[in-house]
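Take a look at the structures below.
The two complexes that follow have chain A in common; it is paired with chain B in the first and with chain C in the second.
Showing the complex of A and B:
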């Protein structure tokens, strides 16, 4: 047994005030942080409010912040956190309002989930085989490698810096769920699904990868978002700012080996759209960002060679997916 | 129509079911064999008419779930893949890696979300079931977020409230598996059937009791004792590791008791010979459970395992129409006992029972509601529940529910386990009744109306104590060994006397036990060997 100091952010849900409360828990280092929290509940303070149920990373109830990172406390072990930080600080998830202590109101998370039509859409004019399963090729099954593992714990949603900045953005979990239906051979709403997430809904993803790091089931939502973006460009091109920005970013670098912000903004937004960006341009110049045209860099031919290699036709369906690393156990 | 759930529905314990769902879909397999395996697995206590419905509906149910969107594993030809499972004479377990429950739960929940005609009340705890004038009138429930207590008038109620595993300390079940629906029905006058039959899953991790699916043995996993012996060859020469769960659990307990276990009191489940790729792709969850919770890598070493409480064969007594003895009250899933599992459930038959009898319950409840008169649930019913809760909150001094719960769990772990000694059972009855007295004086120190878990755990503890009492009473009365119920003083099955179901009903003095004959259609009881 080790005596482990805990600092837990308390909030009675009525006064609107939060404060850290300290506890010391006798716990084995190879035990889950959930076990320590339940010890606090049963031996020290039964008023500590939290969600938990299965204690094996399948119900998705117990996501909270552990030393600043969004984690399931049932599969995050005491030892590594304690050794790295000297204490264990527990706070509620971000991007959701606190109901009480570690319990948050998940309405915005579920609203986004519901926004992607999270159910199989099947055109009744092509009925499924009567009394028999639909057949799926190994390649089709391979598309489902990660997404069925999602347990909707919202750790990714808590870790995402973009969901808080724009209510339009659907966030990692909902987009991973959308990907799951988009690639389902039984689903007949392929075009409609990709059409429905244009602009900020999909393209606001910053590719910071924090959702990948937070996901306890290795769904790697950011990668699924990239997959969706590729499918969206293939299916409907670049009719709006989000996808066009990505496309022009690509050609911009290919041309000169360096990013030309002015050109990128003009190509993404058009001349009229640029007018709205004048203020931002002035602000950028004030902060020492040059908006002049950048000459191509010296090794631009090498950049073009890299592009040529990347532009080789890629078989999306046949790509190798790395084996899942499974549930995180503290810091591995 | 409304669904009340104490958790968000996707957090339900069905999601933790790992191994698969049985269906005789292969042309070389047969429904009759599935029925036979189920009845044999039940040690002939299953009602065979109910088992026939279960197995006949299995194929269409799996196909319906596939069409709904469930992502199952596939064979190379694109059809549904199948794996071997315990007590089954044919590979008929359809699966989704080792998270079949999650796959089915997701698909079903997605279907509920399709037209939004079903209102889901998330995080509402049912605290009273109102029965009057010989029929159900609805439920009274409390919202976790606000502490608000409200009445839900209903012409028909389906209880699909799941397991009660937390009566035990060493259980694979989730913390929320507290048997609430079972206890509410029992208190309202419903019969509980065969509660003494408690399944102990053979392969669970030590300390945490986290389940290692039977699918691991279905894929070829082998059990060995500390001497390196594949000991199941002695207990079940034909089925070996894939004998029924009661048989394998007893074998493991016997090996360890007779000194052939490892120093930590476990045996080993070996998967190494299956190869890294198969283990990591078909058993993803259990690989991570082993690494996270036991610190071992099943690709290179054996997993330490020991039996833990896993499933209640018993539950709210229903007939094959999912009706209880109370008009308008239906039950399905682990909360119910129809009975298709009898004295021992076969692996991968629980998800099947939940779906098949869940659908039957829903259809019959809907039909009943169409003809029933309006519910008489009133404000007085709600106030009665409110008063009970307020009285609990106002108690000034006493013990915490956590302390009583811990003692109940250790009582059940130590005295009502795989092998049952009569003295232990008598001791357990005494201890549970003492705990029930202490429970009437326990206090809730948290007085908040917002997400008051302390209050909820006090209510749940009351439910669990009622069910614990019924389990022990049934176990003490049943003087034979059948399936998962093994009496050290009556080691043999006694068909003459005990080919019958236990029915428990509530009285002021505790459970009153009566008995009901078993329905036998095709398979006469014979000696069970694997």
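Showing the complex of A and C:
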């Protein structure tokens, strides 16, 4: 047994005030942090409010912040956190209002999940074959093998800085789910689904990959969001700033092999949008930040040859991706 | 050690000071830089959003250029370049469909990708190839004693961890270790591993700028005199657009933002002009005065 100090952010749910409360608990280092919290509750303070159920990363109830990181406490062990920090600081998830102590109101998280219509949509004008089930090949299932593992714990939602900064953004979990239904061959709402998340619902993803680290099931939401962006560019085109920027960046490099920063801004924002940037450009130049075009790289013809060969629509729907490494968690 | 130097687009254009500082500190560190004017852009994560195969092919060519010259390390000075090159290398190793397509294309222009060259950020080279932060301590001529530096990592040098294979993805320490070795005091704040807002500067500038503003404010409230970043795209968000970032969080921020090699260079006793410091939008002179007043070069 080791004596492990805990600092838990308490909130009575009425006063609106939060404060850290210290506890010391005897636990084995190879025990889950959830076990330690339950011990604190049963032996020291029965008023400690938290969510948990299955204790084995299936129910997705016990996500909270452990020393600042969004984690399931049932699969996060005491030892590594205690050794790294000398204590374990427990706080409720971010981006959701605290109800009491470690319990948050998940309504905004579920609202976003509902917004992507997380169910198969089947167009009645495309009826299933008479008397037969709709089949998928193993290759088709492979395309979205990660996302059904999601247990909706909201750890990714808590870790996401875009969710925290902009209410428009749907967040990692909802978009990963959207990807799963978008590429499901039984679903007939492909176009509508991609259309429905333009523009900021999808394109505000920062690619920071904090969700990939937070996810206990290795769903890798940030990567599924990039998958969705590629599908959107192909299916919807580039009607708004996010997709236009990606596409214009792509064509920009073809010219000289390196980025032409001014041209990219002009093409993404349009001439009207560029007017707002004039002042910035002048003040940048005053600081010696040249905005003139970089000469083409040597061997730019090789880059052009790569474009000639590969700048064409990829086979995104039929693509097989390499098998994932499986479920994270519990291995600490 | 000999490295293929991959400066990236920004260090060759609006952020030239990063290139100036890199060349100056590489000499002090004993890193022999080999230039390849044939390197193309890494795609910055944007080309990947439009066409993954094309993006991987561009970076396979970049890595193959170094391989052909018999150099094993491609040195980056940008978290995003580092991320894109490492991602491409990962995809080429794990995805036979994309690998096959890329090999086919590269063979037409006379390249073959073998996977022997490894992209590494300068920070990573210090940690993994030069023996760690402690090994650079003897190079310090102007210890940054009393100066508080907030590290700002830039997402792509750290995450996803299973691809980047460097430091802890949420609680890194490489930059703080270097800051300590240079005599300065690292400032720990939540924003150090967060996003600078750069990727969405064209999608919704006000949200991107608010993110930058929040991270600078976080560093400031924790006592930082300056921030240091290994990513020039973060530098654009934090320095070039700091005025806008400040407005979005309702604060006058005035936080000098150093490129990582500039931080090294200052401690190595190099001239701020050689390090390109006058090219910053936020005037670093208060910081520079503090450094020279605290510790004149020996």
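Please note the rule applied: the second predicted complex is superposed on the first by the 257 of 332 C-alpha atoms of A that agree within 3 Å, B and C clash if a C-alpha of one lies under 4 Å from a C-alpha of the other, contacts with A are read in each partner's own complex, and residues count from 1 in each chain.
Note that in this section a residue touches a chain if its C-beta (ideal position, glycine included) is under 8 Å from a C-beta of that chain, and two chains touch if they have at least 3 such contacts.
A quick note: this is a predicted structure, and the numbers were derived from the prediction, not measured.
Colleague: State whether A:257 touches chain B only (first), chain C only (second), both chains, or neither.
Modeller: A:257 sits against chain C, while chain B stays out of touch.
Colleague: Please indicate which partner A:236 is in contact with in the superposed arrangement: first for chain B, second for chain C, both, or neither.
Modeller: Neither chain B nor chain C is touched by A:236.
Colleague: In the overlay, answer first, second, both or neither for which of chain B and chain C A:115 touches.
Modeller: neither
Colleague: Per the contact definition in the header, classify A:186: touching chain B only (first), chain C only (second), both, or neither.
Modeller: A:186: touches chain B, not chain C.
Colleague: First (chain B), second (chain C), both or neither: which does A:274 touch?
Modeller: neither
Colleague: With the two complexes superposed on chain A, say which partner A:9 touches: chain B (first), chain C (second), both, or neither.
Modeller: A:9 sits against neither chain B nor chain C.
Colleague: Just to be sure I read the superposition right, which of the two partners does A:289 touch: chain B = first, chain C = second, or both, or neither?
Modeller: So A:289 only meets chain C here.
Colleague: Chain A touches which residues of chain C in the complex?
Modeller: These residues of chain C touch chain A: 9-10, 12-16, 37-41, 43-54, 57-58, 61, 94-97, 101, 104-106, 108-109, 111, 155-156, 159-162, 169-171, 190, 193-195, 197, 199-200, 202-204, 207, 210-211, 214, 240-241, 278-281.
Colleague: Write out the stretch or stretches of chain A touching chain C in their complex.
Modeller: Where chain A meets chain C, its residues are 67-69, 84, 161-162, 165-166, 168, 199-200, 203-210, 212-213, 220, 222-223, 226, 229-230, 233, 241-243, 245-247, 249-250, 253, 257-259, 261, 265, 268-269, 280, 283-284, 287-291, 294, 297-299, 302-303, 305-307, 309-311, 314, 319-322, 325.
Colleague: Once bound in the complex, which stretches of chain B touch chain A?
Modeller: Residues of chain B touching chain A: 7-8, 10-13, 15-16, 60, 62-63, 66-69, 71-74, 76-80, 96-97, 99, 102-103, 106-107, 110-111, 113-114, 145, 174-176, 208, 210-211, 280-281, 284-285, 287-289, 291-293, 295, 400-402, 406, 444-446, 448, 450-454, 457.
Colleague: For chain A, which residues count as touching chain B in their complex?
Modeller: My answer: residues 12-14, 30, 32, 41-43, 46-50, 52-61, 75, 77, 99-101, 103, 105-106, 114, 118-120, 122, 128, 131-138, 141, 144, 148-149, 151-152, 184, 186-187, 323-324, 326-329.
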